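After this come two complexes, each holding chain A, first together with chain B and then together with chain C.
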Partner chain A sequence: MIRASAFLPGLGRFYIGLVLAFLYLPLVIMAAMSFNASPFYQLPFESTTHWYVALANDDGLIAATFNSLKIAILTTAIATVLGTAASLGLFRYEFTGKRLLQALIVPPIAIPWLISGTAMLIFFFGTGIGRGLHAILLGHVALALPYVIIVVSARLQTFSRDLEDAAASLGASAWQTTWKVTLPLIAPGVIAGGLFAFAVSFDQFVVSYFLATPGQTTLPVEIYAAIRKGFTPEINAVSTIIIVFSMSLMLVVSRFFRFGGDH
Partner chain B sequence: MAVTGMTRTNGLKKALPLLLPAYGWLTLAIFLPLSAMVYFSLLTTMSSTTPSLTLANYAAFFSDPLYAVLLLRSVKLALLVMMICVVIGFPAAYVLAKIFKGRAREAIFLIVILPFWSNSLVRVFSWSMVLREGGILDVVLNAILPFKVSVDLMYSYPAVVIGLVHSYLPYMVLTCYLSLQAIDDALIDAARSLGASRTTILRRVIAPLALPGVLAGSALIFIPVIGSFMEPRILGGRGGTLYGTVIEDQFTAVYNWPLGAALSFILLAVVLAILLAAAPVLRKAA
Partner chain C sequence: MARVEVQNVQRAFGDHKAVDDVSITFEDGGFYALLGPSGSGKTTLLRMIAGFEFPDSGSIRIDGAAVETVPANKRRIGMVFQNYALFPHMSVAANVAFGLEVSGQKGKDVRRAVSEVLDLVQLGDFGKRRPHQLSGGQRQRVALARAIVTKPRVLLLDEPLSALDKALRTTMQGELKRIQREVGVTTIFVTHDQDEALSIADQIGILKDGRIVQSGAPEEIYDRPNSEFAATFLGDANILDGTVVEGRLRLDNGAVVALPLDSTQTSGRMRCAIRPERVRLAVRNAGGRAEPGATVVWGTVRRRLFSGSFSRYAVDCGGSELQAIAQRGATRDLAIGTEVELSWDRRDLIALS
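== the complex of A and B ==
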């Protein structure tokens, strides 16, 4: 028994190593191939930056990248503001139908994106809203809102309503109370919600795919089209850049939050 | 509305300006589109000037056994991916939560869930570098093994499973970790000092307390995988025809939107039925 428990931590570390290898090896290999000269991913490895140069001259991919960033930033801003407001509304007031409103947050998350995406396509097409970047933004905000509401509401659970009452009794207006008392205290929740919104939008493929038009498209949709046409190391180059970008962003962010630490 | 009506309606009046923008947006982009899809699934054609209502699109699902076969295939795939994620993800979460301590735990947890924030399409694509003939797996195996093997998993069902497990594993580790971390170590020590064996502790103490995390992770994996079409398209080739790819075809290739809407709606009904069937277990766990 004693020997077994001395042995287990080592086995556990080895196991985590295996899981990490499974998660990261394909990504590392893909990144390596973006520096390999062969257009058919053939070995032996010959180093080149040719595919990055080609990427820099690919106007379609660059435009799609900027569209993705624009939509992710707008989605973050809109979903964070609307979601935080809704969370405050649900937190502060009692009214009939509140439970129903809380339950309505679930469907956008629990319905497969394939279904939400095709439903949006049908509705936007039928009502004249149409397809394109504005439709993609409409969809992304709707997908991100529930995450913001859930994360901010969770943070509000740790917030005491007495603080708002105290501020009000000292003569603060509702706006002052919100801005000077409530928001600073729930800020970590709001920022976390915003990060979720950014990730949901920047990573979103399915809904964008159904709402994109040839000129108005996002990076994942463009990559999917390129992969289906046939692989080229240019896709590896742009994929490597996205991975490095999103992972560094999350690493920077994690310095401000204690992910998974003891709370 | 009767006795407490005053305060309650007052509450709604004050809450409305805060709630309206968010719920209005959800209505416009989720709830109305879903209703429109139900209506659309009952139309004969999409371009007809005088569309008439019909159940023909639903009848099509039942008259051609192919749809039911593919739907069953998608359900099976989702269950398989979900189970593999539990088997790999739960022990990983356990090691993280109970063996690693302090900053090492934080760092490794972050590294495990980091791929979750990289693009899922890119992650699926990266497997094509590994699995194809002459790919890394092929080269490495041939270098290690004394005899010649040809590994070409690309464009096959196993490739789809591997790609999906890779995409969704971080969800399972995350949810299991959160529930395992909440288990007080003193509880485990108490069970041990009372003479419980390792397996008894796992079965009677840890498993029941960790169940909500496992179930949450399972739902988060099952729902997107049952409707997956991008992963099977990229990694599955001809072996990757699934219910999701058929729906995709109706909207992007065949342009039979009413049929696509009916097929989507049937998928939604199946997902809801499975979630409802699992509801008693979910409630018990919560």
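== the complex of A and C ==
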């Protein structure tokens, strides 16, 4: 094996730098511009918090942000509970049609959101569910579920069924076994699944765009609408806040749970 | 403490009959070994007694009450798994307390019971450790403590020692036996290791292809196996084929020997077994005739396997090979090519069905 320290100083370090720049440079520039007085990205840099003040007064953008957060949190809660329950069911029980069901769980991830969105719009319209935040929530849960099931099921692959049998032999009911043995041990998978669900919902533009009603939108939809009207650095400001928020969340979670590996 | 009766139990996985019409009774307080090669159905049988699998037909009774449809958590059995199945996120004490706590016990009683049972398995100071901080033997003890602390009616062990090295396994066999005697719980022990079954159990059931081929005390099965499988799976055996002629057995290699003592067969083919340690070896014509009642076969030493306190010889007797074990010291070591006479007491010759 090549020693990392011997390899890194050269090409390796350059490559890592390139990847990080590719990932973060646009974000850094955007964050910087949210503090720049010029609305047209003009230099020299002139520091201001003007755009943040303006953002505080932009009711539309703030309402959309809270809608997005609300929907993302609800989606995370619902999809994580349903997805974990589904994964446990698939893990524990044998039933007819199980293989078919398992095979049908993954493909929705590969279906373009544009098509899922169209299908949902037609379906919700036809069934009377209609459009609005409730429709967006339903849509997001449907989009997030496969991610949760895949991540939690992957975690369950490393979980020994003997542990559940052992708990049962000691007199634990299925419920006690789930809470005291299974869930604590697959928690990293459940939390990772929840993060995916949050990301799928909070990021979601296409499906939200199709299902939103004019007054009630989510942040990505609102940003899109704002850009069409004319770009303002307020967008930079709100985006910077969101980046700081989501990155902190990820850092905190990944500090407490080492994903993939065992304790 | 309880008596377990398995009656005509069947369990198939697809076309494969894992357990095929098994009936066996485990008496209260007994230490039983279910012995068989992998795929013989011993683990499936154990899992049905535990309640992790359910029979397709037949009945399982614990103290007279049918339990074959009762789920595992209502059977009041204790189980030790091959990989121990300790809860990795809990301390040793929490693992042991688990069974007491899920049944609603709390506080001081639980702590006292846990510390008592940890003392019993000689892990009194290990309560705060996590399973991954323990050695294999220690994990084994924790698994055992966890299984017996709830005072189960039956203790089931699924190849519990197979992951341990040989020295530790011997120690744990003794420990297991001591603890079982102290607790007095009916114990069913699944293993594929014949030595383990012989040394640990009061009663052995030998399984093959989902059926019990023989059951009884270890000495009984070892001395009087009823089939070639039982004879060769539990210990080593020389298998002798021959024809009964005029009250004697003419072996296929031409030698004529006395019939097994308990044989009433007067003609036809016969298959017998003789344990290698029951075969006596002597240099041919070294002096004197064989003892009366003994049976003599001549042969040539082909191989010798030295095992410290004894040697194992492979002797060619007119085309068929016989194994003989000789204690060193009792006999001189025999060189390869030595012409020898093999003899045995006809009481040690076992007629196989």
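Convention: the second predicted complex is superposed on the first by the 249 of 263 C-alpha atoms of A that agree within 3 Å, B and C clash if a C-alpha of one lies under 4 Å from a C-alpha of the other, contacts with A are read in each partner's own complex, and residues count from 1 in each chain.
By definition in this document, a contact is a pair of C-beta atoms (placed from the backbone, for glycine too) under 8 Å apart; a residue touches a chain by one contact, two chains touch by 3 or more.
Remember, predicted model here, so these are calculated numbers, not experimental data.
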Which superposed partner A:160 touches (first chain B, second chain C, both, neither): second
First, second, both or neither for A:229, with chain B first and chain C second: neither
First (chain B), second (chain C), both or neither touched by A:24: first
Touching partner for A:181 - first (chain B), second (chain C), both, neither: second
Partner chain(s) touched by A:173 [first = chain B, second = chain C, both, neither]: second
Partner with the higher number of touched chain A residues, chain C or chain B: B
Touching partner for A:254 - first (chain B), second (chain C), both, neither: first
Residues of chain A at both interfaces, chain B in one complex, chain C in the other: 262
Residues of chain C that touch chain A when the two form their complex: 50-52, 71-79, 81, 83, 85-89, 98-99, 102-103, 132, 146-147, 150, 156
For the chain A and chain B complex, residues of the former touching the latter: 4, 8-9, 12-13, 15-16, 19-20, 22-27, 29-30, 33, 41-43, 82-83, 85-86, 88-90, 92-97, 101, 104, 107-108, 110-116, 118-124, 126, 138-139, 141-142, 145-146, 149, 199, 202-203, 205-206, 209-210, 219-220, 223-224, 227-228, 231, 235-236, 239, 242-243, 246-247, 249-251, 254, 258-262
Residues on chain A engaged by chain C in the complex (per definition of touch): 160, 162-163, 165-174, 176, 180-181, 184-185, 262-263
In the complex with chain A, residue positions of chain B that touch it: 1, 7-9, 11-12, 14-19, 21-23, 25-26, 28-34, 36-37, 40, 88, 91-92, 94-96, 99-100, 105-106, 108-123, 125-130, 132, 134-136, 139, 166, 169-170, 173, 177, 181, 198, 219, 223-224, 226-230, 233-234, 244, 247-248, 251-252, 257, 260-261, 264-265, 267-268, 271, 275
